[in-house]
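Each of the next two complexes has chain A plus one other chain: chain B in the first, chain C in the second.
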Partner chain A sequence: MASLAAAQVQEVRSITRIERIGAHSHIRGLGLDDALEPRAISQGMVGQKMARKAAGVILQMIREGKIAGRAVLLAGQPGTGKTAIAMGLAQALGPDTPFTSMAGSEIYSLEMSKTEALTQSIRKSIGIRIKEESEIIEGEVVEVMVERSAGGGGARSGRLTLKTTDMETNYDMGTKMIDSLLKEKVQAGDVITIDKATGKINKLGRSFARARDYDATGQQARFVQCPEGELQKRKEVVHTVTLHEVDVINSRTHGFLALFSGDTGEIKSEIREQINSKVAEWREEGKAEMIPGVLFIDEAHMLDIECFSFLNRALESETAPVVIMATNRGITRIRGTNYKSPHGIPLDLLDRMIIVPTTPYSHQELREILNIRCEEEDCQMSADALTVLTRVATETSLRYAIQLITTASLVAKRRKASEVSMEDVKKVYSLFLDEHRSEQFLKEYQDEFMFNDGGGDAAQMMEVAQ
Partner chain B sequence: MDDQGKTLKYLVAVEKLAEEIINDKREIIMLDKRRNQNREAIRDLSKSSQLKCWVTVGSILVKHNVESTITLLESDQKQLDVDINKLRSNLKVKVNSLRDLEMQPPVPSLMLVPISDKETEGLSRAGLFSCKS
Partner chain C sequence: MKRKFNLVENIDSSGQGNKFEGCSSETDKKYKMFKNTIWYNLLLNAEKTCLKDEQIKKIHYKFDDGKEMVEEYNVDTKVLLRRTWKMKGKLGGEGKWSVELGDPIPETTTNADSIAIIESKDQPVLLKRNTRVNIEWRIRNLPYPIETYSIKAQNDDKSIVISTSNKKYYKKLDVPELVRLGLPIEQMNIDATHKYNTLIITYKKPQELLNMDKEWFEELNKIKPIKDIPNECKTQ
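And then the complex of A and B:
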């Protein structure tokens, strides 16, 4: 029975080990040197030097907290690395700066109003740092002595001897402390901490010096070093929480479990106001630090006029994150209106933005990107196959060429080759159509498809719209 | 030549500050040791039924009244607490200025004022802290 359970555990582990490789998983940062100059190929980034340099400047401004409440627009054709730059920015900011990424169309599919969804993501991108301080006694237990009074009346007294590498001391204990020590099964050789304010005992593990006390130990036995320095320490822990987390905890109907289930629903504005004033109070007293993070909205043209005007207003608030939007549209209709505007974004909002353009990749850069993707997907590719792929990428699209890497490597594995050859790439190129060939095919045979209205205008119109 | 002098000056400054930090840490340990010894003494004295006790002052033993000894020790204890806290707060400033000298960014939020016990309790009970630390 036990072995069966163990086997199941093994299985579960092997599933989690298979990591999915995302389209931008190779990006580790912006690839800039200390002077903010972009390196040609670094941290998974290739080319787009101007855009990366601009992103580097923005990064510096975010770090100095100077850009809060402004917006950045990454504009460029499809497949020119807009999302890659945003991801790189997020990586370069480090784990401590909140970074929220959402797609513009996400706001339509949630079970809440559009403005609520936007407010939540804005508040998810603002972090506050608060510090928790406690006085603790930390040491290795040398001896625990419990004396039971003769009458058995329950009044017990005890003595605990603790030591660090520098000192040793005795503590007299009352009934309550003895009870909690016994409950935690504290014995000589354990390293424990005692919270001075609450009296809570925490077992950190067993001291290394006692590692040879027994021949067999349980699985849970964890060995730690005997603590150094003073016995009574001051422990400071800095927590970084987002405003949204605080919101969720304080909206009573859901409680903190909603944080994990993701089902937060709408949060009342009174609660937000209360929290804002509390945080403002903390900041005034020097108890909290604000970290304006980054909200990244991909496919920003999918937002409609209401969202844009809401964002316009939200950016003015003093606790606004940096909003980075990405769009691949040219002059197009603003959603929800009949007006046309550059990038599908109203002019008044566009006016607040720093616009960073991305340009199509050159031939050489495409080759480098494909090379990086090959490495990321663990696929050996011969030089001529890579040349063919680069051709494919220039003639069709980079995304299509990247798709071919995995498929070609699978074909190569089928014939038990260690390296992907030109033939493999050609084979998958004939197996899978790119958009142009697919369109051609459809035009050729459109009479034989269902629901054909004969015109073939729909495809034409789509092309114009883009 | 001028460059060398500058480097030397810089190194001296860094070493001096680093030495100070190490000394402060040692001092805190020494003070805490004494604090614990005092605490043990107070505990033992308050349990004993005698009226007089022996106190070591430097290398001489003095017979002293128990009650006044306890008040003496307690005031010493208070002074020790103050000294330790002062050392700890100064340590933060020193560490940050050392990092500044070494061209490293300061430790984030080192100088934050901690939130009150009540707030800590509330927030940790709500699960805000437990899932992170």
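And then the complex of A and C:
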């Protein structure tokens, strides 16, 4: 049993070590200096100086928190760093400022009306900092154990052992708790606090007793004393909750449990009004502080005319966050109408926005971005391979060139080379088509594809067949 | 604020009264003491509702500051069985009942998905009980022998502290009953036994507390119980 347990812990550790790399995981901020001037290459950001400078100004506006309900539009061609700038802004704001990110198309696939979905995301983007007494478990982690049940179905059970200088207790964990523990990469020797009601985990640092385990500590590990006394205490803690969370607590008898299960459904407008007046009261009494955050809507042209008119109105509310939208469309049809408008956004909403354009990257900038991505994807690339890749990026697209990095590095690994050479890049370039070459190919061989006999009459043929 | 002021006056006047009377018996003086506490006056002024369910009498208190408390008495033994407080979150929502004294209320929703983190089943469980002469704490699932424990009255933070020499268990027990009457916690009143994996700590109730219990039970008899109990309540 003991050996099994040890094996389990080992497994958990190895999983937590893996960091998955996303499209924007190299971005750590906006790359601005203290005067909000953009540095050439910093925090994963390259080029796009004007847009970044504009984002810096917006950042300042959000930080000051005075102005509610401004809308910003990031407009530019595909692959010019719109999402990257939004992510950078989120990073620069820090974890305490609510940042909600959604895609415009998301609102169509929820089990609620479009305006409710928008209202919820707007209210998710407004934080309230409030002091509240809650049950806190504070202790040093002795052991984390996660077991997968034999029956399959992914059901897991978790056990956590915590200690203070005076006592030791075992805890059972639910699925959500296990996930957040794994996400926070909690290991034996960490000193953590867990909010019993919300399940929020806060890593305080590593225990002094573990100061000698060099292998398990990162560079910025902070060492703290192991807590003393009881593990579980009632403490006044400063919570940052979003308006949406307060709505949910008050809309159901289950309270926080609904938040955990994710099943919140629609929330009555009376409840929202109640909460708004309550929050206003708290603010007046100085009990709570409002933190306006950011709602980021990617692919904003996917919203339809109803959403736009709703946003028009919602932005005028006092409790509106700063809304940042991004779109890669030019003059196009507004969804839900037959009218055409710049960026597919109605003119009255556009009028309320400040528009930040992003421009295509220069050759040199592309090279820098590819270089950063190579580092992020842990791939050694020779200088001439990088040159080839940059040329690929200029001629096709940046995204396609980025796709080639890991694929090329896998090809290089197969021939047991430590560095990706020009040949590897050429090989994957021939293996994987870019969008342009794929189109070319289709045009050439269209006749041989299914339902394509007799140039473009496919639809007619189908009808005849029926 | 106003009430507090009155209280101070009361204490003063009673002190003087004793001086003047001089001859009043010792028990009588103690008998009156608790009536001057904030706690007793809070209970007196609270809005009270009484429900009688066979052998159990339930009293619901609603205090001026919006707090709610429920007490359950055994009618035959006149002993308080359970005292619970409604805990309201600052952010709103339905509050939970937190048990100060007596058996915990069994939770209705115990499915594994909804629980974030909870003590394992084999971990020590604390239970506080009230008997006629003692306040009693039972801590189950504590396998260590009696020598392991040190139980100390700690008056600076008004609690009884249990610690273990093997550093496996540590607990601060609040004694709100004594704190409310402004009584100190006396080491000599504490007794502990260990049997069947259970540590039982008893605290002998001081005379003032016994008097207050008795007097308050009489006082509660003045409240007329509600006759028509809704069906849902009866089943519980």
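Basically, the second predicted complex is superposed on the first by the 335 of 466 C-alpha atoms of A that agree within 3 Å, B and C clash if a C-alpha of one lies under 4 Å from a C-alpha of the other, contacts with A are read in each partner's own complex, and residues count from 1 in each chain.
Assume contacts are C-beta pairs under 8 Å (C-beta built on N, C-alpha and C of every residue); 3 or more make two chains touch, one makes a residue touch a chain.
What you are looking at is a predicted structure, and each value in this text was computed from that prediction instead of being measured.
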Touching partner for A:Lys426 - first (chain B), second (chain C), both, neither: neither
Partner chain(s) touched by A:Asp172 [first = chain B, second = chain C, both, neither]: both
First (chain B), second (chain C), both or neither touched by A:Arg283: neither
Touched partner set for A:Val237, first chain B, second chain C, both or neither: first
Partner chain in contact with A:Ile130 - chain B first, chain C second, else both or neither: both
Partner chain(s) touched by A:Arg399 [first = chain B, second = chain C, both, neither]: neither
Which of chain B and chain C A:Asp96 touches, first, second, both or neither: first
Which of chain B and chain C A:Lys49 touches, first, second, both or neither: neither
Shared chain A contacts, counted only where both chain B and chain C touch the same residue: 130-133, 166-167, 169-170, 172, 197, 229-230, 241, 245-246, 249, 255
Residue ranges of chain B in contact with chain A within the complex: 25, 28-29, 31-33, 35-37, 39-40, 43, 88, 108-109, 111-115, 117, 120, 123-124, 126-129, 132-133
Complex contact set, residues of chain A against chain B: 96, 129-134, 166-167, 169-170, 172, 197, 229-232, 234, 236-241, 245-246, 249, 255-256, 259, 282, 285-289
For the chain C and chain A complex, residues of the former touching the latter: 89-94, 109, 112-124, 163-164, 167-172
Interfacial residue positions of chain A with respect to chain C in the complex: 130-133, 137, 157, 159-160, 163-177, 194, 196-199, 229-230, 241, 245-246, 249-250, 252-255, 257, 260-261, 275, 278
